[in-house]
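The structure's right below; bear with me while I get my questions together.
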Amino acid sequence: MRKLLVLLILTGLVLVACSGSAIEEAATVPEVEEVATEAVEEAAPTEEAAPTEEPMAEAVNVKIGVLNPQTGGLAAFGAEVDKGIQLYFESIDYAINDNLTIELTFADTAASPEQALEQARRLVEQEEVDFLLGIVSSSVAVPLAQYADEAQVPLVVTVAGGTPVITGPDRSPYVFRTSITTGQLEPILGWYTASELGYSTAVVLAPDFSAGHARAEAFTETFTAAGGEVVAEIFPPRGTTDYGPFIGQFNPDDVDVIYAYFFGSEAIAFVQQLNEFGVTPDKPVVSPGFLTEAEVLPAMGDAALGVISATHYAPVLDFPANADFVDLNSGAAPGTYLESGYLGAQVVAEAIAEVGGDFSDVQAFLDALAATDLASPSGPFGFDARGQSVRSLYIIQVVQDDDGNYTHEVLDVIENVSQDWSP
Amino acid sequence: MKRVLIVIAVGFLLAVLPFIVSGYWLGLITQAVILGGFAMGLDLLVGFARMPSIGHSTFFGLSGYGVALAVTRFDVAIWPAVGIGLLLSLIAALLFGPLAVRMRGLAFLTITLAFGQLTWGLTTRWSSFTNGENGIPGISRPSFLWDIETVVGYFYFTLLIAIAISIFIIIFAESPVGISLLGVRNSDTRMSALGYNIHSRRTIAFVVAAAVGAMYGILNVFYNKFIGPGSLSWQLSAQMLLSVVVGGPVSLWGPFLAGSGIVILKTMLIGTTQRWPMVLGLLYVVSVVFLPGGIASLLPKVRARFEKMFRGRVTE
Amino acid sequence: MRFWIFQLLNGLTTGALLFFVASGLTVVFGLMRILNLSHGALFLLGGYVGLSVQHFTGNFFLAALAGAATSGLMGLLLQQTFTRTLLGSTFNQVLLTLGIAFILNNGMLAIWGGLPQKLKTPDFLSESISVFGVTYPSYRLFLIVLAFAAGLALWVFWERSTLGAVVRSCVDDREMAAAMGIRVDLVFASVFAIGASMAGLTGVLGGPVLGVYIGLDFEVLLLAVVVVVIGGIGSLNGAFVGSMMVGLIDTFGKASFPEISYFTLFAPVILILLLRPLGLFGRILPE
Amino acid sequence: MIANAHQSEHVSLLSIRDISVQFGGLLALNAVNLDVNAGARYGILGPNGAGKTTLFNAISGFVDPSKGEIKLNSKKLDGLPSHERVLRGLSRTFQITTLFPELSVLENVLMAAQVDAGKHQVFWRAANSHKEVMQRVEAQLVDLNLSRLALSTVSALSYGEQRLLEIAVALASKPSVLLLDEPTAGLSAAEMRSVVDLILKLPQDLTIVLIEHDLDVVFDVSEELSVLHFGNMIAQGPASQIREDPLVREVYLGEA
């Protein structure tokens, strides 16, 4: 009897959980597959309706394997990227031309390299996808780039930027990255903070993992080159919830500016606690855009006001493609992760169209990718010779608009930033 | 002898898999054999000696790191690097084991967790040497009697080693040392009164399970051609501990089945639903409510045989 | 000096939150020999429910109440449903409660999404005040004071009240207590529910400091288990001292030696266990 | 060892000098002396809480005496861990059954026998493949009438059978001195009788020290006695003499 009760309760729990997922409905896998198959079905009747008009191009279905974290600490970002990808393909009805349909197959990396590898194998070898798209975690990017090279499957990285190596001199010809890498943000921010904003002493705070160290180092390098001095470097462990111990390690009176690289929950906690401990608003904060993502701004509230960020995307950018993008997102301000997914989808869709969905010659698709030249929501977009994106960088500041909503204001634009940028 | 023959027979059965299943499945099964075998070794510690370790991925990961670091940082040839990897795990086990075995139950669980977290912390923090949480890619497989670069080749390689380790485990489990582990599980004083050194017995269980884990850790690093801190995370340790419990402690084959089953199930579930952790958790709950004795208890006859390890055989 | 006062207060804040979580865990463990690995999930559940309630009502105390009630009810439900398995073997307990922790974790991800969130501090505690020349958030000071008050109240209840004596007698000898006519099942159910609701309450109380996000459940669980083991199973005094110790060690370790902060946290834990296998105040052999 | 003891009758096999055991403020044993000759049947009598089990624990190494000296065969045992004392020829039973409940009767005895046969460090061949060990186990089971139960799990045995097995396991270590801690506690009269018969039938060269609070059992089995009372040895001597000792009668009859 008791066991029956157990079973009932458990089933209830699952049902609750499933029905509760309405919030991220758009991101759930079954929904996506439905959309995709619908697209196929819709495409089919049109063919039948006009069977004789011209020599019919054969119907082509392109399968894209999307690898992002759906569980674990990076789940929120993965969900955003997935949503961005869907947003773009929904806007073109999962179809390019009449005969070419797009099918997305999602898999969860859980931000774990081992799981990502296993899932990549499943997508490529079992689901037989034509190429891979996604990757949020930098630590997943390297082994996956290695796998893509071995399996000779194109991989388009949409977020992970902490690992310059995958688009470095020894990069695999199968790997492209639409997101920016460390060299495209911090060096500019460091230089900008010293030269343009005129601050001369800084404290550097970043999470204690390789991307954190890499970013802090990159910032420090150009900041000091431009005449600044870093008085302290503080690396709280990943997953720190209480930044009190770290904020207590420097005296705000000793520094002109605070450089901080945090994201997600860490960003919220850090910015709020900086304010609670009375460091801000007196002291200015500079950061990569992750610190003041559009999604986290409401949770930060007033604490984030005045923070200056260097970013590759902000919802307020004035481009026609961005207006479309914001419209598609029901007018809500998209964050950089949503944009990353959207942009990645846009880039691969162009390349798919270029080769007519024919993946028998993978090289043609890679060439098409390399030749990308499009007007993205974040401005002009292309790749350099090593598959790394070349795009604009924006200096933005958190402000409150007339309705009291927290948003960004663009202070400056640096165009055509490649991974080899120097002041 | 009978159980050794069963292992060999199962090995031969599995050996036909490459003719039946696709390359993808073969790869997945290779992974399953690796983690299943690890769980089987852990059964000696968790099931036999009843020492619930939640830090045994330490040895699985350390051997992998040993190989990867020896190859990438010190240009050691691959086979000697394998030796270095195994040695590294063994040293760690001999260091942690004698301290940890003084604890019982939850205290043992916590101290193994603490040791595991220390090692994990070291590998993630010492970025300049270990490459931090980005791990070490680009580890190539060694040369062997046959080409193990291919999926099929590596499957046979894994199978061969897994059979060898399993035979060792079974012989060990039935040996005087093996059954003495069944003794330390719940009667310290009695074992001591019979002339057994409890701490050394428990250390043996700890080290043997670690050694088995280390060997499968080597297979794992060559399978993925990559090693990251995930290989020595507490989550992996927990998965292995649960595999032993779900499989049915002391049965050896139960944990193997559960360990490999969970790998395959998890991979399949991830492909089916985003809610896979929930389904997996649900399976754990259902299995403990409806099968408190683990998978092994599903086959009462076999269970009787294995649980009462020697009963049937002594009179033969 | 500023550094030391600052970090001391930080350590005490962490210790205060840990104490609320660990006290429930340790009493349940001591009383029923149940290691509830879903305790962290119950903590987070309280936090999320509190978040939603605060979102809709704007009232922090309503949020705290709702968080505590939800987790308490969930705890009671779990305890009632799985009594037999929970009182069974340690292994099956681990399997069951870890399974439940996975379910709850993923369920919360489904309901509240993966975006990390934070509760707002109640208005009257949102200011920072100056303590010994250090500007410190008043909400954190409130938590520290609350922890000491709660610790004292719990201690009085535990050592001085009749009900406390009943619970203690059940910890010491279950059979004897039953023979004396104590409704052991009733004591079990209420203690489990109270422990769970304390976890839920802490989820809300910690919300403005720690935030509310998926993964916090296991982080908190890990620290709470460490506290229980070094404090001694079933000992409230141990939970208090253990929490403050872990809070301070963790804080000072992170602040002074961030590169090896795992070492500074776990090395003392290992040392304490080796010197006192039963924990600082423990009398029960952890089986 | 045993032959040695026979040669020099003046040196007792087990000799205890001035053993005191302190538990916090409680003095559980107070300067206790004891000499047991080889081949003796020695009884230790005393009411509950007299310190009898503590004395056994001190001899077998489960508690550390605060002072005093224990010698087996003229060799000091002090400081040796309990498992090493077993290898010196000391074996004991427990008052509360501490067998391996999940294992079979045979395996329980095997666990003890393989240590004495020096096979307990072997990990490369099956435990039951050592012929000499198995023969000894079987002989032991036959001796104690447990053969028919060889394959049953301990948890399936009756209490009386478990007490018997307890002795069988202790004997399987081939001790020179066997310490029996209340072997008949909780048994029915008939079961008690069979245990006493069993003890009487044990080989004469085996030295037995027996704790009991049942007078009949003690006087049936032992030739020589010591009486413990609140940690003090209040009387020592041949059974006949102890039976008449006024102090013992007072303590004991008061108790009974």
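Worth a mention:
A, B, C and D are the chain letters, set down in written order, and residue numbers restart from 1 in every chain.
Throughout what follows, contacts are C-beta pairs under 8 Å (C-beta built on N, C-alpha and C of every residue); 3 or more make two chains touch, one makes a residue touch a chain.
No experiment lies behind these values; they were computed from the predicted model shown.
The chains in contact with chain A as well as with chain D are B. Among the chains present, the centre nearest to the common Cα mean is that of B. Farthest chain from chain C (centres taken as the mean of C-alpha atoms): D. Remark: chain B and chain C have CA centroids separated by 32 Å (rounded to whole angstrom). In this assembly, the C-alpha centroid of chain C lies 48 Å from the C-alpha centroid of chain D. Taking each chain's centre as the mean of its C-alpha atoms, chain B lies 42 Å from chain D. Look at where the CA atoms of chain A average out and do the same for chain C: the two points lie 35 Å apart. In chain C, the positions touching at least two other chains are 82, 103, 106-107, 110, 259, 261-262. Shared interface positions of chain A, i.e. residues touching 2 or more other chains, are given as 6, 10, 13-14, 17-18, 21, 71, 208. The set of chain B residues that touch two or more partner chains comprises 125, 275, 277-278, 282, 285, 289.
Pairs of chains in mutual contact: A-B, A-C, B-C, B-D.
Here chain C touches chain B in the complex through residues 29, 35, 82, 85, 88-92, 94-96, 98-103, 105-107, 110, 222, 225-226, 228-229, 233, 259-263, 266-267, 269-270, 273-274, 277-279, 285-287, going by the rule given at the top. Of all residues in chain C, those touching chain A in their complex are 2-3, 6-7, 9-11, 13-14, 77, 81-84, 103, 106-107, 109-118, 120, 128, 135-137, 139-140, 209-211, 213-216, 219, 251-252, 254-255, 258-259, 261-262.
Against chain D, the residues of chain B that register as touching in their complex are 171-172, 174-180, 182-183, 185-187, 189-198, 307-311, 313-315.
On chain B, the positions that touch chain A within their shared complex are 22-25, 27-28, 31, 124-125, 127, 131-135, 137-138, 224-226, 228, 230-231, 267, 270-279, 282, 285-286, 289-290. On the chain D side of its complex with chain B, the touching residues are 60-62, 81-84, 86-87, 91-92, 94, 98-104, 106-107, 110-112, 114-116, 119-128, 130, 134, 150-151, 153, 169-170, 173.
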